[in-house]
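Presented below are the structures under discussion, each in the form of structure tokens.
In the two assemblies presented below, subunit A is common to both, partnered first by subunit B and then by subunit C.
For the complex of A and B:
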């Protein structure tokens, strides 16, 4: 009897085998998932003629011609630095501003707090397309409608609300005693934020840095509108789009430019992924 | 000169009063313990002295200065929090010197003060560690060190031992007592719900209940002459035995089981509760004491034993006897009230000048 029940409880497969099966299935899904990316990288090493020659992912006659062409002739080099400028600037603005706002909203009780929360959450539901014209108008009036500073400032607004909420949630869980200890030490509101609270919110800071970098780096619609009249200040995503001519699409150049575009983002994520996942997990826990 | 002085201090949250007009005088150099059950307002009172809670009405003086509207950092006080409140991302060194650095003290002087405090607390070798690498006791020392470097007139401790295990609590308690001797002249105010901490540390105990001061005095004064039943029950371990005596006219009274008891003085003709500490009762042969009972439990502590005796009216009284007496459980005994007894009226206030005829 005992033997029988033991036999029943025995799984049909060993844990080792099950792990193998799961791994194979996941690997297959992963291949489907990253195929477009691999195709893009592969195509960037092929001539335009070879791309549609149906020769598989490994190029038979690899060439870096597309990269040279993209970097020099199509100005991707210049666009790269434009994008870098916009991204770094907006990341600095967004991280500091959203942390400060999140700190106040998360830890201070003041009249109208709920209203402010409500209003900023409401803005999440307004699609970007509807705000582009007013934003463009605002930048023009400020005299930065035709400059990279304008692109940087406008890009800073994109996911700002979500970051404020992330910070507010995180700061609201911090023990009061930390602030009180700083108060007893004679440390003011701003210094307490800068030297005590902000360093403690590192997981959220990293999350915001990664997410804002991705957003600023990949944003298309806003830079397209702002840089329409001024190709010199285009960002990468807009620059890549320019490979699409009226009668001809330069797939080789486009895929090479796209590959150049994603390399920094991939590197950033490789370095920061641990903190990034921690930050999101922490935010959800709260 | 007065160390700290509270004059008719009140605190209300909205319409709810939590501190009902407290007057306390604390001399310079005194070690004062605020003690009471949870929710009695002791921490609120401490935080009001610290400046972390607003004072609804009344005055708080530190030295000769009224500090009601003075910023916490300018009151000359330093606080040790129950949760230590160390900055997790800073080393011990940075934690202790943070306030000084932020207020513009030169680096060399900060380093010197931190080192001095570290020596007093014997944590020099921990200065480069982060709080998460420290044990609870070490964290507590760092928190105290952070208070010491500020060189305050008054130290405020908010239940500093309650996060430590029992053994460490006793050791740290001893260290705080030593620290008070070492830092001669600094006033310390200490909040706890543990009456043992209060008895062992304090020069002066303030017993609080529901936002009111029940009694203020030196530990033995409170132990020997509790002003009311609450203090009598709260101070001292084990708790004082409280026996409600039977009704009677004039001096004639009886224990609940009918045993004779005669009360004179203020107690004559008033309902009274008799209080007697465990060490003031003697076990005698049945019939030879004021009343009889049966031994229900014996707790052996080594040098002494607590014998719990169930009386004829069902109350359990505790009697302290010499260690090794080995009183058998279930044994019938007589209880003789040989030592000091206390009497409280129907409102729980202590009555004085009560003569007792029971033996």
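For the complex of A and C:
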């Protein structure tokens, strides 16, 4: 390597060597960075007696007993499906509603458009603590104050405004020719949106799906409030939190429950991360 | 992002004749139909709560099924005299001011290094740094309590082994330390998101620019400092704004780690609202009073946001004026 770089009259530390050094340093930082999570996964495969036995990350007598216990006794299995229900439902609602709204706001002119934009910008920075009481009150009046449907609907409001702006920005940059061509061919408004425009906005769709999934999966205040009186419909976040309150010495069970909680979102992110970053890049360009 | 509101090319034919509002509304009926699902979500869970909070803040109201009594501004008067309220208010801003710059700086460094396409493992590193983001706070609450434990917690053990500490620190039990501990955990958890924002911003720098700089013999760090950074600075404002707003929504982390304790040392605004509204065992819930705190806080944040946007706009206008 040294010969090569000398031949090219480059400095002694070739770019390749420097990249190696950077990689090694980064690898070390990342190990420290995710150590708490590694520790958690490792502890979930150990018996309670072994967790603090100072034996390193690889368990000497691995066991899945914690998982069995957490899934059945601590109801993590039920909480898992509650969370899945809320997340999938809210992702569907949010993606369709924000795409339609963003499309109309970004590409069409109609009376009231400026007013809606004004309201959106105005509400962009309202903290959740500000809205939790009326939201809960509204859900109670609608009769879904203690149901998963309530959690699903209210979770849809979480980052909705940002998603609408992402779609509006993306659609507003698309060339007019597409719609004009569709119009000439006699394709209606709804079909143009569904078959032409929506498929073209795939980067934003992926971004919205990932962001809403993360939001719904992680959401805490709202499900906590809604499930205060009804433990059966807890989501994973609230379930894990409650598990700790009820079994505060069962570290094995807790870490197993925690691991179950993070695995699905980690897998989702691994598959979609490239689209996610590209989608955001497309969005910020706008 | 605010630029989206500027006019878009008109797709239909423009009429010069004045037409009645009714006709214009009817002509846009499909547009309105498209807005219905979005406006339902927006209206019910974003707009209505903001309006309703203001009304609730004028009530004495002790529980969702209890009677509401109109008491005017009494809640606000009480708030202004409540030491716990002002402490929580200040703490929320202190938390934001201390986390946002750190978070932005650390994530920018990660993003610049990981933006290098020649770095083979860069996507693996990105994922690893992003892992805490996808980890629910309840989980982080559990893991970090163990990590930071003064009794055999790995972080204390590590610091003792490295001789950086003489005796273990009670990171979560010491009222003087605990807010900073939480700030550190917060930054660790959310740096991944900010890094993705920066990476997205870096993708807007054209690849030819790097190529040109390389051919001109410009060094990497010079390129980064004098070309790339100024180019992505406009994004910094948006990123700072988003990060600041997120830092004000720190409830989940604090509730799952310390519940505002010890001795109220980590009671930020949302924890204060939660404590008053959904009262912990025994106490009477005070929904009106908690709403008043929420409204006060929300208005303060909106005010600051508007100030920030105005300041940015002012700077931009001055720049364009100078450029012209």
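As a working rule, the second predicted complex is superposed on the first by the 267 of 286 C-alpha atoms of A that agree within 3 Å, B and C clash if a C-alpha of one lies under 4 Å from a C-alpha of the other, contacts with A are read in each partner's own complex, and residues count from 1 in each chain.
Here is the rule we go by: a contact is a pair of C-beta atoms (placed from the backbone, for glycine too) under 8 Å apart; a residue touches a chain by one contact, two chains touch by 3 or more.
Source: prediction; values computed, not measured.
> Contact-wise, after the overlay, does A:177 reach subunit B, subunit C, both or neither (first, second, both, neither)?
A:177: touches subunit B, not subunit C.
> Spot which of subunit B and subunit C makes contact with more residues of subunit A, would you?
More residues of subunit A are touched by C.
> Which of the two partners, first being subunit B and second being subunit C, lies in contact with A:262: first, second, both, or neither?
A:262 sits against subunit C, while subunit B stays out of touch.
> Have a look at where A:39 lands relative to subunit B and subunit C in the superposition and call it first, second, both or neither.
Second partner only, subunit C.
> Let me test your reading of the model: by the given contact rule, A:108 touches which partner, first (subunit B), second (subunit C), both or neither?
After superposition on chain A, A:108 lies in contact with subunit C alone.
> What residues on subunit A does subunit C touch that subunit B touches too?
On subunit A, the overlap between the subunit B and subunit C contacts is residues 180.
> Note which residues of subunit A are touching subunit B in the complex, please.
Against subunit B, subunit A makes touches at 175, 177-178, 180-187, 191, 195-196, 199-200, 202.
> Give the list of subunit A residues in touch with subunit C in this complex.
15, 19, 22-23, 26-27, 30, 33-37, 39-40, 52, 93-94, 96-98, 100-101, 103-111, 114, 116-117, 119-138, 140, 145, 153-154, 156-157, 160-161, 164-165, 168-169, 172, 176, 179-180, 189-190, 193, 214, 217-218, 220-221, 224-225, 228, 236-241, 244, 251, 254-255, 258, 261-262, 265-266, 269-270, 273-274, 276-278, 280-281, 283-286
> For the complex, which residues does subunit B have touching subunit A?
It is residues 50-52, 71-74, 77-79, 81-89, 98-99, 102-103, 146, 150 of subunit B that touch subunit A.
> Under the touch definition given earlier, write down the residues of subunit C that touch subunit A in their complex.
Counting only subunit C, the residues touching subunit A are 1-2, 4-5, 7-12, 21, 24-25, 28, 30-32, 34-35, 37-42, 44-50, 52-53, 56, 64, 113-114, 116, 118-121, 123, 125-144, 146-147, 152, 154, 188, 196-197, 199-201, 203-204, 235, 238, 241, 245, 248-249, 251-252, 255-256, 269-270, 273-274, 277-278, 287, 290-291, 294-295, 297-298, 301-302, 305.
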